[in-house]
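The following pair of complexes shares a single chain, subunit A, combined with subunit B in the former and subunit C in the latter.
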Partner chain A sequence: MQVRWLLSAGVGATVVAQAAYAVQYMTVEQAQQAAFAQGSRFVPVAATIDTSALGAPSGWMPLVWRVQRDAETIGWFFEDAVIGKSELITYALALDASGKVTSLEVLEYRESHGGEVRLAGWRNQFTGKTAADAVALDRDIRNISGATLSCRHLTEGVHRLLQLYTHVLAAKP
Partner chain B sequence: MSSVRRARPWLGTLVDIRVDGMESTSALRAIDAAFAEVAMVHRLMSFHSDDSDLARLHNARTGTCVRVNARTGEVLDWALRVAAASDGAFDPAVAAAQVARGALPVPRSTFVPDADASWRDIELPGGEHVRLRRPLWIDLGGIAKGYAVDRAIEVLRAHGAIDACVNAGGDLRVAGALVERVHVRDARGGIAAELELSDGAVATSGCASAHRDGASRRAAEPEITVSVVAPRCMVADALTKVVLARGDAARAVLAGFAAQAWTHRAAHGWRQLDRVA
Partner chain C sequence: MRTFLAGLALAGGFAMQSIPAHANDAALKSEVEALRTEVAALKAEVEQMRAAPTQKAGTVSAAATPPALQPGSVAVANAVPVTPNSGTTSPNPGNAVGEGTTLWGYGQLDYNRPTARSADAQFDLSRAVIGFTHAFDESTRIYGELEWEHAIASAEDAGESEVEQLYIEHALAPSYGVRAGLMVVPIGLLNEHHEPTQFYGVERNFVEQAIIPSTWREGGIAGYGNTDSGWQWDIGLVTSPNLGKWDPTSDEGRASPLGSIHQELQLAKAHDVSLWGRLNWLGVPGLNVGAAFFAGKIGQDTSRQFDGDTNFRADKARLLLGEAHARWQSGPWDFAALYTRGTISDTQDLNLSFIGQPTPVPKSFWGGYAQGAWRALEWNRSSLVPFLRYEEFNTGAAYAAQPQGLGTPALPTQRVWTAGVNYYLNPNVVFKIDYQNFRYDDVLLNYGNRFDLGIGYQF
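Presenting the complex of A and B:
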């Protein structure tokens, strides 16, 4: 075991950087390929979502694909995003034909600038952004140890997608 | 040769697993197996769920020997070692007090826990059996995450990975020849320091409020952040709670586990706990 503390200890040595932590783990295509066998077709579904009925925040717009092999539906694939107090997580969920979760992968994790979060402004910077847009990220930050990252919002997001499946998608012919 | 990195939600946080220098199909297989192991630890040691090993202990007659998974036995064994070394500053048996404060949900249990029970009332007759001498609730929240990280590293190695890094919400372990730069957060969420780590683990406990000394039940000093570096993540994880509770008095305990600690207070910045001479 070897450790080197890069900050000299002492009064005043507090905040080193106000940089944002972000990791891109997978692309949507990679997540689709990992979740379903080769030769599967991903057919976009334009689901009309009554967000209030599903207890979802207004403006919630997950992307939905019906996964087919030949003419048979073999599952469902979703891309969704959740926003927490200081993080934005995009993730992919795959269900089999009976609605059972077969995979859940984080696609991208982005964090705000240090402790300097002003919620509205920070949220706005994500509006309409894709993974390719730079949001003043510090690519050098690969690992964070500290305040535990919560996955509560992610868990809630998955729950909403399962509701969407049950009440909207599974009901479709 | 590439770097393959994946993240999935487990243990109430995001678990991030990275393998470097391995062909990607093999790396993905190793990472999948490591996540399966993390999921197993999650299921066995969950305080909330009704079918974990802990739930079975909380629903057994006091004094009977309960069979648990070897992993649960191993974590309990280490939890008791840290509890003994810290004279109960770290105590996995005080979950009832946390439930009373609302820090943990009320578990399904057939008994009312004894307020005077402690880690001394947990007996481990062999690696896969546990006996509670008094009615008590066990919470492994302060150590199981670190253990899951250690297990993930072991599974990655068993699948041929050499250079790997696993991070479960700040409980992080690095293996192989990697030298990882880790940014450490302070209690308010700002990035407060950096360290370079190889072949070892770091865990950080922030503490705005909740942590309590297992023995005295006093709340730790607010707005303090503790990072502990140790060979195993499980030990680093548990020792952060000892330092939070005991401050400088934790020095001897750290030395016993080949660990080092740094503390951060808003007023003083970072400081390494003095080593024992």
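Presenting the complex of A and C:
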């Protein structure tokens, strides 16, 4: 039953993604290739997510891949979306095997303003962050004037994924 | 292709149901395992299609090899499957109205109490705004803001009901596009980002009300874009203010020269057009440095209009407004500075016809401010941010020369200190208190030391 639900949700999402205004900067594949060396394998991971414990909105379900080379886990890759001002920002986060951020990419942006979150200088602030860091806007992440809401919500999204990593993925045997 | 996938999904579902009752548990387990593997492969395929709908299957690289090719490694555990995001996973899904349509809004309520004239204390619902976007397709949408000022708008009331922005936006590429319609002028720090949660103090700063009118918008066509190195640019060809609207008997021109003659696309005189341009650099996180201009003829050939003023003597008047700003936000600190200066040419003859009236057209006007804010306290989603702002501005810094004895002296430069606190209950709800100290009083322009209280929100 769960499996069937999963598949129909997947197909549904395909259709939804086609309907809205969106500027696509990168595909998931491009982000995966940019974040990890050639020859890495991306294995979809299912995880039980207690959204309330992670301070996430109910229904929050990011896509998670375990990244492997041979049998060794070399990192993690996430695709998730947050609201900017009123539209979704789709983004990808890559962690190394120790849970350190190696890259953050904005895949799709739909707002009229605030698209500056895709600037490399801003995204690079996350490099090296772990679940132990604050990862909070105006603390260890600086704002972009004029794109405050997009900056704040994307920062909150990365914070959530790092918590997901440390409490769920890293905790798994 | 999508239909094919849906078919696969359905087939997968039927396959699950058609498993006959097995006596042998081990056989059942292995079959389920095989199905799991197959399902994971299908899911990965769906994912790839979803993520790269335009990418041809042949171009998918080895880096994204579907897990089905390594059956032993599929790590689908006994847990709830992680499903793709759809539009329903938003933190505030209430904003979605229908497919492709979203709503948002902001509002502001202000209480002002002049310390020397408490009888003039006033509490006003300054503005309530409803905004919307509707996406027609992947690259085209409409963006609109509808505003009510001062609570009630009718023939007998002081309020206004207005369309603040209404434009079509079309993305030509990921990093640039065009807009057409009624748009806010991309100048200064406040005009584009005027929600009450975005600025310190109950009232918007004076410089960006008196010199750069707020909220200033014009109708036309504009291009926008940004680069990977952090440049953000805007250029527009739009309607001009209308100098024919200048009222030498009113104080409006002294409160805000451009605010008294901008047209807000209300049956706007469109003989003259203006050009706007802006360049911002955001390449270092936390930093915003930029400059903008607005330039064009504003006489609108008023004397030759069908219903125009045939005595009007500034058909060729030109406006040039320039502005430069810098803002630095780092940790709890937020510093901003802005300078702006405007000139209006060819006003000598027009002002001569205004002799004896209180408000001639200035030749130049200018203003600047510096502001510092410090997030002193922060708990949960709340924060307390004291700030200090110093402003200087002059809406009539110089007037065109006139015959001996008829000239207008420059206005005195106003100086305002504002000290206060923004208390953010959460990032989208703010309560404000401040005290403003003026260099000189002017009852007509509401200049005078005062206490202010404010409520603001944004969603």
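Convention: the second predicted complex is superposed on the first by the 111 of 173 C-alpha atoms of A that agree within 3 Å, B and C clash if a C-alpha of one lies under 4 Å from a C-alpha of the other, contacts with A are read in each partner's own complex, and residues count from 1 in each chain.
Going forward, contacts are C-beta pairs under 8 Å (C-beta built on N, C-alpha and C of every residue); 3 or more make two chains touch, one makes a residue touch a chain.
Small disclaimer: the values here were computed from a predicted structure and weren't measured.
Subunit A is touched at more residues by one of its partners, and among subunit B and subunit C that partner is C.
When both complexes are overlaid on chain A, the residue A:146 reaches subunit B and subunit C alike. In the superposed model, A:25 makes contact with both subunit B and subunit C.
Legend: residue contacts after superposition of the two complexes on their common chain; A:86 is shown touching both subunit B and subunit C. When the two complexes are overlaid on their common chain A, residue A:60 makes contact with subunit C while staying clear of subunit B.
Judged by the touch definition given at the top, the superposed model places A:42 against subunit C, while subunit B stays out of reach. In the superposition on the C-alpha atoms of chain A, the part of subunit A touched by subunit B in one complex and by subunit C in the other spans residues 1-7, 9-19, 21, 23, 25, 86, 115-116, 141-146, 148, 152. Subunit A contributes residues 1-25, 27-29, 32-33, 36, 38-49, 57, 59-64, 66, 68, 71, 79-83, 85-88, 90, 110, 112-113, 115-116, 119-122, 125, 138-139, 141-146, 148, 152-153, 172 to its touches with subunit C in the complex.
Listing the residues of subunit B that touch subunit A in their complex gives 5-9, 12-14, 16, 28, 165, 167, 169-172, 179-200, 202-204, 206, 225, 227, 229-231, 258, 260, 262, 264, 266-272. By the touch rule above, subunit C contacts subunit A in their complex via residues 2, 5-6, 8-9, 12-13, 16, 35-36, 39-40, 42-44, 46-53, 55, 60-65, 67, 70, 73-77, 79-92, 95, 99-100, 102-104, 133, 135-141, 143, 169, 171, 174, 189, 192-193, 198, 226, 228, 230, 232, 280, 282-286, 288, 327, 329-332, 375, 427.
Residues 1-7, 9-19, 21, 23, 25-26, 34, 86, 89, 104-106, 109, 114-117, 140-152, 154-155 of subunit A are the ones that touch subunit B when the two sit in their complex.
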